[in-house]
Each structure stands twice: as structure tokens, then as C-alpha cells.
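By letter and in written order, the chains are A, B, C and D; residue numbering begins at 1 in each of them.
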Amino acid sequence: MGLLEYQAKGLLASAGIAVPAGRVATTVTEAVAAAQQVGLPVAVKAQVPTGGRGKAGGIALARSVSEVEAAAQRILRLSIGGFPVQALLIERAWAGEISDATRQLEWYAAVTLDRHEQSLVALFSTAGGVDVEVVSRQTPWRMLRLPVAATGSWWPFQGRELVARAKIETCWTQPLNRLFAAMVNLAYREDALLVEINPLFPAPSGELWALDAKIERDEAAFFRHDQPPGAVTPPLDWTTLAREVSRLPEAQVAAVLENRARQAGLAYVRLTGDIGIIGNGAGLVMATVDAVQRLGGRPADFLDVGGGARRERVQDALQLVAADPQVRVILVNVLGGITRADEVAAGILAATGTLAERGRRLPLVVRLAGNRSEEGRALLSRSVTGAGGPIHVASSLTQAVQLAIETA
Amino acid sequence: MGVLVRRDSRILVQGITGREGRFHTARMLAYGSQVVAGVTPGKGGLTVEGVPVFETVSEARAQTHADVSVVFVPAPHAADAVAEAAAAGLSLVICITEGVPILDTVRVVAWCRQHGTRLIGPNCPGIIVPGQTLAGILPGEMFRPGPVAVLSRSGTLAYEVAAALGDEGLGQSTCIGVGGDPVIGTRFTDLLPLVAADPATEAIVLIGEIGGQDENEAAAMLPALGRPVFALLAGTAAPAGKRMGHAGAIISRPQETVSAKTAALRAAGATVCSSPEELAQAVAARLRVTS
Amino acid sequence: MGLLEYQAKGLLASAGIAVPAGRVATTVTEAVAAAQQVGLPVAVKAQVPTGGRGKAGGIALARSVSEVEAAAQRILRLSIGGFPVQALLIERAWAGEISDATRQLEWYAAVTLDRHEQSLVALFSTAGGVDVEVVSRQTPWRMLRLPVAATGSWWPFQGRELVARAKIETCWTQPLNRLFAAMVNLAYREDALLVEINPLFPAPSGELWALDAKIERDEAAFFRHDQPPGAVTPPLDWTTLAREVSRLPEAQVAAVLENRARQAGLAYVRLTGDIGIIGNGAGLVMATVDAVQRLGGRPADFLDVGGGARRERVQDALQLVAADPQVRVILVNVLGGITRADEVAAGILAATGTLAERGRRLPLVVRLAGNRSEEGRALLSRSVTGAGGPIHVASSLTQAVQLAIETA
Amino acid sequence: MGVLVRRDSRILVQGITGREGRFHTARMLAYGSQVVAGVTPGKGGLTVEGVPVFETVSEARAQTHADVSVVFVPAPHAADAVAEAAAAGLSLVICITEGVPILDTVRVVAWCRQHGTRLIGPNCPGIIVPGQTLAGILPGEMFRPGPVAVLSRSGTLAYEVAAALGDEGLGQSTCIGVGGDPVIGTRFTDLLPLVAADPATEAIVLIGEIGGQDENEAAAMLPALGRPVFALLAGTAAPAGKRMGHAGAIISRPQETVSAKTAALRAAGATVCSSPEELAQAVAARLRVTS
């Protein structure tokens, strides 16, 4: 889960990395006070858990109090990628934000998980800034990459290696070693799978400044860290969610549903069709999505309830998918292993009961196999005439997919 | 016979007194597996499903000569449990637990390597050698002995494939779920040589997905295996940049898509199919020709 | 190099390990003030870089101010193992020091380098206290031993392992995990090759207290740590040293010379014969000592100048050996490799010059081979008639040893 | 021929611009070794004794295909230099540096193992294959080609033994100084199988000392080697509990004494001698009989 910029910068500062002076504000008044405290000119930056805020008008340079007021007022009314702006970071403006003169000095530094290396890797480039993705696609040799020891130790030679390959002055070896050692340490301390500084500004004084930062934590490790604000999960209430979603422009539905799913601990990706898909195991759910598409249907989502899901989780999953107005039928494909098919069936029945009460009657196609699938099917067959929409029980994946497509 | 585990493998269950541990211990025993010991700190001296419970892995091992551990310990303590099993000298540790913090896995994978212990998982269903032993949570009733080795990144999709193979009258020599996390102890490329060396295996099925490059690396290895390879890749319809599953698959680079992996595997001589049924039929057709 | 008890305890405390309240005193007045500060009764403990201070009368229990005065006065006049007592640790007395009731609760914990494991190992025993060496010799199964990862990480299962093997209550798992994680961390942070807590007191409150502690640092890592007091090396002055040694009782000569050698960076062990032995490389010097003994001579010491020794180092080595009154001849055996025999020869000449000026004329037998040995021998042969005692140049080790024995 | 290094080994010198690095580079070149590159951070682009100096090991390796590194980097930075060489993929790193902090060595030994790099040392004289190559600081003029492999914990004592063998007309197939520190990258037991597999080796000399149990472990291996083994053990006269040498040998346990090691080696069939001359004579006598 991505931290907001000010949270990320707070962590960087705690690791000894230089960040610009800044303060958080949630109102125009606070923004003005903050600007006076850090000193004008300031950058007024929307704090939202999504990218692209620059293009969305979420960042402004303010040289005077009235400019701060105007910018804060405007930005606090924005909604970026489905997220209403609730907080601003008021930050002492950096040379590069005022003039383009230092733009050539935007470096890039990151520590991130690399599947292939099976460890963290350090990334470094002297071509940082907004175009770093273009750089790493078009001139991949400018994006340097060094594996980091599984134990999180950083060796001094690694800084020398970066300096030599980037062809920069050797006086940057020590600062880079300090920076990366701190970033690796921070990643381990905070269970972060991404610690990214972009731009990284190499000040003439020899300090490296983190001008913008992104930190993504491993959600699996939340148990040993303070929960970031907003990570505390209220129970999923269908009526509220469905109402919220129905009011959103289509472009924002995916972000809201995906965010809500993440809070509920469900792995969910919204697609653009009408067949809602729920299953257990990422591979199986992807295969189900693939099968729907291959046989001519249009998948509305990918939703993996994970291993060993209990009824409450299945119930949440169904309610979430049912809150998406584009969904016209839900296909549940569960292969019991560590997950018990009877628990899944119970969850389905609970959800359809609730949904029926609220007037959302969706047809369901359910395929249960494996561990306790007979018990599960028996439960469903006893309740087919229950409160929800019709429940079709299919015996194979192909049959289930065909049924769902016919129903949609 | 059987890759990594055999009929006489002596299984230890870490976290045996928990809900999952207890349930799947019963299932493994029912399948005929030799579950000889359990470990739960603070519960030493108990018995679960007739299996003695010990305080530590080293004690359990000394008393029962267990050589394989299956870990059901909850995610916050799972890496510690795996590390304990490796330090106690077990040669194989299968970590079923889902949701292990990834940097815990990074550390414990390195620790296992140092101790010469093979780790399968985490977030995996384990291993079944049908008719011989089950070390994990695969549903035994969906598998039957036969000539097809199945290696899978996905648990449930492997069950689906096993069922489809069964519909064609084909059983499995061994089925190994390597786990769906971004960092895992053992990958396709580690297992392919072992599977190919197993005389009970006449065909190999790889069940892959988007994300990572394990399938592409596996492809490079296929020509030397001397066994027909069939692959099923999940995620054709997955959009780039979205994480499909909790810790799971995400397309970060062009070579991580289903189409790129399909091309790599086909170029290496594999048959890439688009559904479990199609795959089962292709395997059946091939094995009928050769037998 | 071993730290004094109060230094070791300071480091333990900095690592979060519980130690009794205590203060250092160097005079009787300070001792009384310290006792009043920490609270009576107190233990008055000599701070000397050597063991056996209990038997030497260097520890006393004081229940009153007058007892503190008496104990401090007496102990500050002691010399223990050649080391005059210059500081006292005044420490709040522990239950076990007042009565024997808690003696059964003296545990032992250490983290130390294990050659065989090629890493640190954790040692733990519930049979600690003064007899721990007897315990580990006679009942080795009571001394538990766990290897520590090369990276210094400590896993929680290791504490469970210790608790299970020691057959103590599982409530000690957490405290032991915290203790050992801190000790391992401290060992890495301080480059300590031994961190030993004995006795370790398991308080009923669940805390583990370090009642006595020993820390030995790796001298090779001094460059990255503050030097412990006394580690700053004054240049070796022969006259001063020889005078000091000549006044010591024989039992204290070894400790003083070995301590002085350590300060000078020389690896020196005093033996009990009359042939002083200097060479380069521990194996070669040991073999030289062995050869002297085998051929009927009596080695006075083992002195290894190490690899790549320059002339100043060789000069120090000769002066140190010559300061030992038991020495009647010095045998120098150098095989040039990274060490250059001509540097050694120059050092020998410098030393014999100085020694001759001070009236110490010792015969030398010198065997030089390998790198620059011809140049070295040439230097020596040009100076045989110089200021020092006679210099015999030998061509083989056996010849050199025989010559030394004849000369002694 | 030659164990670990050969005539065509491409040697890189780390710390080449320092006093020792420069001096011994000249000696290695004079001996005929292929010193192809040097590395000193901040000195890239220079030339030392005709050898090009690079900023980093990876650059040096890419440019010169060096496969062996000899490290002369001062002790505070030596472990980092070794780690760099391992990360750059060199298969063999010889660390001459004396006085490396022991916990640095502990860390870098584990790092080398992870990277599949063999580390010799630290605090060692390196390797010589007489007449072929010198990778280290052994005095070349004291060695000559021949049938005796010498493995030694002590540098200078190995030279002494080589000289004594020379007096008997015997040369060396390979001489490896494993280093005198308590923690080293490669021990006798790692090298004995390699040395025994070298067709140029007819006899093996082990030069050990008090402290540790490497000689006792080596003894357990001797019967399977199929080569006569001769040993010289330094420290007969060493008192227990005293550290003989800086980082070096200390008798901590009864089995670490010369007499215990002598007994273990003799029981395993080795000839244990009490001086270099006696050892050389024993080897000569044995090889005369067998040839």
C-alpha cells in the first residue's frame, strides 16, 4: 500500500535522508500558516494515494500568501483519480520548481523488490525527474541496477560501482553509499517493497535531497507496523458502497472499488465487462477470466478471495462485485483445498440474502469442486429458492463459463 | 519414485495445533502420508490426530527422524518456523502459509540456501505423489497415479488441471505447487531437471501465469529435458501494471505477458494450451502416440 | 583486547541489557560518594584487565560507609596479575552477593567467535557463576551452543530452542531472545569477539540482569571504534621498560611485557627460557620455538612481527625481548615474502645500536631468507663490527638454532 | 595443471597502486603470471608496471576477463574489496591482507559462498604453481616445479618447507597458504579433494599448527585421498590459552594441541614430522620408493 508523499518523506527523514522543510495542511488557513512557517515560495501539493497529480493540477507553486490561499482552495476541491484531496503538503519550493536551470540535476534513486533477483535491488539514474519511465524504457543503460543482499547489508563498493557506471564525480560515492544504506535499511525496517526518490537532487554542497518520494509497504507486514491512516477497515456495507459508486463518473469507479477491496483484504482488479468473477487462487481466477473472454464473454473483474477464505470474506467479495453497476451476473469458481467449499457456499447464501433485502437480485453461477464441495453444493441446492437471485450450480469450469455468458 | 517426497517421507507439521494444521494433518494421514511429528511452541507433549507434538523442530527431528516439514504457522511467524526447520537440518520445507511478509521470505530463502534446505513456497499447496504421499493441502481425491508431472505457480489451477487430466484417464507422477508469491524458495528451473530425471514421468505440465520470467527461463531449459512439455498460462486477459492477486502476479515488462511467455515456450518446443481441458487432451493425444 | 568491567557494562546498558546501578571511582573519596549515590550495601570491585581478581582480594562487599572506605583503600593498593588497581567499580550489591540464597539462579550467557562454525555462537547455561568452566568441562551438555548467522540476525526460534533444551519455563523465551539479539548486535557493532555475562540473574520480575560482564574486542577493528582508555601507544622506550621490568617480581614480568607488546602491536608470549625468539609469521615463529626446544635449548618467548614489518617494528621487537632479563641471546628468523629481509636487517641494526648505547650487549643469531635476503645479509655483514653485541648470520633454521643454543 | 590457478589464470590485483600491491605485482609479472588488471578506486586510468588500473572490479573484469583477484587492499577496506570481487563474478579471490577485522571476514565469507566465489585467506600468502604462475606473495625463488602439493596455515613456514624440499631435490605441484586467521574462506578439508585430484601431485604436505580443529577434520579425510600425506605441526612448545600470533592460534581445547593433532593424523595414516628437514627427507624417501 502506497504511503502519501508526506508520510514517505517523514520516514526518509527518520532514516537520515535530507528532505525539504514541509508541513501538512488540511484547510486553507492551515496552508497559509504552514507556508509562513516553512518560508515562501512554497509548493502546494495534493496528498492523494495515486499518481498523475501534476497533470491533474494537484501541484502549484505559490510565491505569496494570496497565491498559497488560492492554490490551497483550488486543490482542496479537486478529486484526483477518484480520491478527493483531503490534505496538502506545503513545502519550501526547490530551485528546480522555480526555474528550469537545475532540471538537468534531477537524479533518480530507488530500492525495490526484484522478482528475478529474489531480493531488493537498488536503482539509480542521473536521468531522473518526470520522464524517468521513458528513460528506463528507451535508454535502459541509463537506469543502473544493483542487487541488494538478502540480509539488507549494503557494501561500500556498491556506491563506487554506481558512480563509475553513471560516470559521475567520485565525490558522490560517500553520499550515495549513505543514501542507499539508509534506503535499504528503511525498506527492511518498514517492510517497504518500494522506496523511490524522484527527483533526487545532488546539491552542490554534496548532500542528496529527496524532492519527491514514494514508499509502498508490504500489506502482509502491517501487523508489525503502525497502520497508515486510512488503513483501518470499516466493515463493508453494501448500501453505502453501491450508493457511492452510483454517483461516481465511470472513470473513477475502478479506483474506488479497488481501494475498498484492498481495505477489505480482497485482491480485486476491475475490468470492463458484465460478468463478475470471483474465485480462490490468483491463477484459477485469472484462468476463469481468460476462459470467459475466450468463450466470448466480457469479464467485469478479477477477484481472488485467497486461500482458506471463510464465509464472511466470501460474503464481502460478493457484495463488492455486486456494488459494481456494470455487473449483470456473478461467476464463482472455487476449488476446495485449504479453502472449504461449504464455507464458500455459506458465504454466498449470506451475501445473496443481504443483497436481496436491498433489492439487488443478481443471477449467480457457482462451480464448487474439491474439499467439501459436496457439502457446499448440498447447501446451495437447498437454498436455490432463497432470497437472492437464481443460483446455477455448474459441474465444470467450461460449463460454468458458458452458463454465465448465456445469463449475462 | 516421486520427486522430493516419497511414500516413506517422514513428515513433520509445524503449527499442527492450529485450525489449518490440525485439519490438514488429518487429511494427510487419511491419504496415507507418514506424518510422524508436530511442532507448536508451548504445546509440546500434546497429541494431534495421534501425532506427537514437540516444542521445537530439533527435538521433533531427534525423536522421530522427520525429514520433511509442512508449515502451517500463521504468517507473522512463518519465516521463523521455516528458519527453525532449516537450522534443524530438514532437507525439505514446504511453507503453505499465505501472506508471509515478502522481506521475511527474502531473508529465509537465503537462510535455507545456507543450510542446504530446499524450501517450497511460501503460499503454496505443497506436493502430492498420488497414491504414495501428500505433503500439503492439495485435495487428494482430485489426483491419481500416472505419468504426468505437474508444476504450478497456482494451487487451485493445478487441481483444475489434475481434474481435466483425470477426465482423459491420465494421472500424475508428482504435482508440485511452487507458490504464488513474488519470492519463493524453489522455481520451475530448479524442479525441471528433477522431474525429468524421474522415471515415472512421461510428460511435464507447467502451469504458469503473467509476471516474472520464470516461464521464460524454464523455456530455455526445455530442449535438454527429453520429455514433452505442455503449458497453461493464466492471465491472457490481465491488464498490464495491475497486481492479480495479493502478493501475486503483475506484468511489469513486455516479456512477462502471456503472449511473450507463450512464444518463448513454443519456441522451445512446448505445447501451450488455452484451457485445462485442451491441455489434458493434448497430453493424452501425445502419450497415446508414444505408448 | 578485554574491556574493564565497567566499560563492558556500559556497552551492555547501551544495548538495552539490564545492569546493576554502579559508578566508577579512582579514589577513596570518590568511592564513598559513589556508594552513597548507588545506595548501600555495595560491591567494591577492582577494575583490572585480567582475571582472578576475586581470589586476589579485588572484590569486597561493603555495608557501611566505613566499610566502603576500608575496602577502597585496601583494593586501590593492590596489584593484580601485574596490573596496579587504578579504578574501582562501586556497584549496588546484588542479593547473591549478600546471601547464598539466590546462588542457584546464576545463569550464563555469551556470544563468542567459534573457529569451527566460522561465525559467532551463542552460549547459554543455567549453571553459571564462578564454576562455569568446571560445568562446561564436566557436564558439557549443560552448556548450550547455537550458531549465529554470519549476518548477525537472531531468529525467535533460537530462544525457544534454548528454553526447550535448558528445560526452563517458556516465559523466558522472550527475555532470552531480546538478550541474545542485543548481545549479537552489540558484538557486531563493537567488533567484539566475546560478550560474556556471568552471572546472568533471572529476576522473578522476568528481567535478565547482567551481574558481571566481559567484552573482548577485535584489535584489528580498533580503527573504527573509540580506543579504550590505555590503548593509546606511547613509543617503546627501552630504558624505561627495562628498569620497570627489573623491579618486578618474576611472577609479574610476563603480564607487563605481554601488555606492553600488545600496545606496540607485537604478538608476544613470554616463555621461561633464555633464548629470545623473533620471527615473521606465527607458524614460523612457533616452529622456531619448537626447534629450539627440540634441540635442547630453552625458548624465552614467542614474538611474531607479523607480515610486512618495517624496520621500526623490528626495532621495537628486539628492544622488547632485550628488556626481559632472562634473555641471553636473541634468535631472529625471517623468511621474506611480504616482509623484506633488508628492512628487517635495518631494524636489527637500529635496535642493536640503541641497546649498545644503553649498555645491553646481547649476542644475536640472525637467519634471513627469501625476499631481499641477500641485501639484508649484506647490510648485516657490513655492520657486524658495529655498536651492539656480535651478530651471527646463519644460513638455515637448524644452523641458527644450534648457534643460538651454543651462545646462550 | 595447478590447483585453483594455472599458467593462463588472468589475475587482477585489488589495491594495485598501494606499496604492497605495486611491489608484488612486479614480482608476479617477473614470475610470469598473467596480471591483466588492477583496481584502485579513484585511480582508474593509471598504469602500474604496465598493468591498466580500473575504478571497479566489474569494469576490470569486463575489459580484461580477469578470473582471479589478489587483494592487497588495507585491512579496513579489505572485506569490501573481496565482496566487490565476488559480486563481479570472479571465481577465486585471494586476500593477502593481514589484520582484517574478524567479523568482517565472517560476513564476507558468507557473501562469497552466496556468490559461488572461492575465497583464500585473508592473512595468507596466496598460491604458487611453480614454473606456471604466482598469485600472491610467496617468494618464487624458493619454489620449483615438482610432485609435492603443500597446504599451509602459515606462510613463512611453507617457504621453509619448500626450501627443505628443494634441498632434497623435490619441487611442488602447487602450494596454497590458506591463511592464519581464525576465520578463513577455504580450509584444508576444502582443498584436499582438489589437490588429490591433481595428476601432478604425488604427495601432499599439510603444514598445520595448534588451535582449531582443521587438522583433525583433515585427518578424517585422508584415507580416501589415495596420496601419501606428510604433516608438520607448529606449536609443540606453545602454552595453552595463549594466543600465538595476532589473530592466530590458541589452544582452547585438548584436541587443539600438537600432540592431539599428531595422533589424529597418524591414526589416519599421515607421516607427522618435527622439522621441515625431517619432513622433506620423509617425502623424498617415500617418493623414491614409489617411483
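The rule is short, and it goes like this: contacts are C-beta pairs under 8 Å (C-beta built on N, C-alpha and C of every residue); 3 or more make two chains touch, one makes a residue touch a chain.
Computed from a predicted structure; not experimentally measured.
Enquirer: Quick one: point me to the chain whose Cα centre is farthest from that of chain B.
Expert: Measuring from the centre of chain B, the most distant chain centre belongs to C.
Enquirer: Whole-Å distance, chain B centre to chain C centre, using C-alpha means?
Expert: Distance between chain centres: 54 Å.
Enquirer: Counting in whole Å, what is the centre-to-centre distance of chain A and chain C, each centre being its mean C-alpha position?
Expert: Comparing mean C-alpha positions, chain C is 57 Å from chain A.
Enquirer: Quick one: report the Å distance separating chain A from chain B, using the average Cα coordinate of each chain.
Expert: A distance of 28 Å separates the two centres.
Enquirer: For chain C, jot down the residues that touch at least 2 other chains.
Expert: Answer for chain C, listing residues that touch two or more other chains: 149-151, 153.
Enquirer: Which residues belonging to chain D are in contact with no fewer than two other chains?
Expert: Residues 107, 110, 114.
Enquirer: Once you draw an edge for every pair of touching chains, what topology comes out, line, ring, star, complete or other?
Expert: complete
Enquirer: Mind pulling up the chain A residues that touch chain C in the complex?
Expert: 149, 151, 153
Enquirer: If you look only at chain A, which of its residues touch chain B in the complex?
Expert: Interface residues on the chain A side: 113, 115-116, 118-120, 150-151, 187-188, 191, 193, 218-221, 223-224, 267, 269, 271, 279-287, 289-294, 299, 302, 304, 306-308, 334-339, 369-371, 397-398.
Enquirer: Spell out the part of chain D that touches chain B in their complex, as residue ranges.
Expert: By the definition above, chain D touches chain B via 110, 113-114.
Enquirer: For chain A, which residues are in contact with chain D within the complex?
Expert: Of all residues in chain A, those touching chain D are 147, 149-150, 153, 155-158, 160-161, 163-165, 170, 173.
Enquirer: Any idea which chain D residues touch chain C in the complex?
Expert: Per the stated touch rule, the residues are 20, 24, 75-76, 96, 98-104, 106-107, 109-110, 123, 125, 137-139, 141-142, 152-160, 163, 180, 182-183, 207, 209-213, 232, 234-239, 242-249, 274-277.
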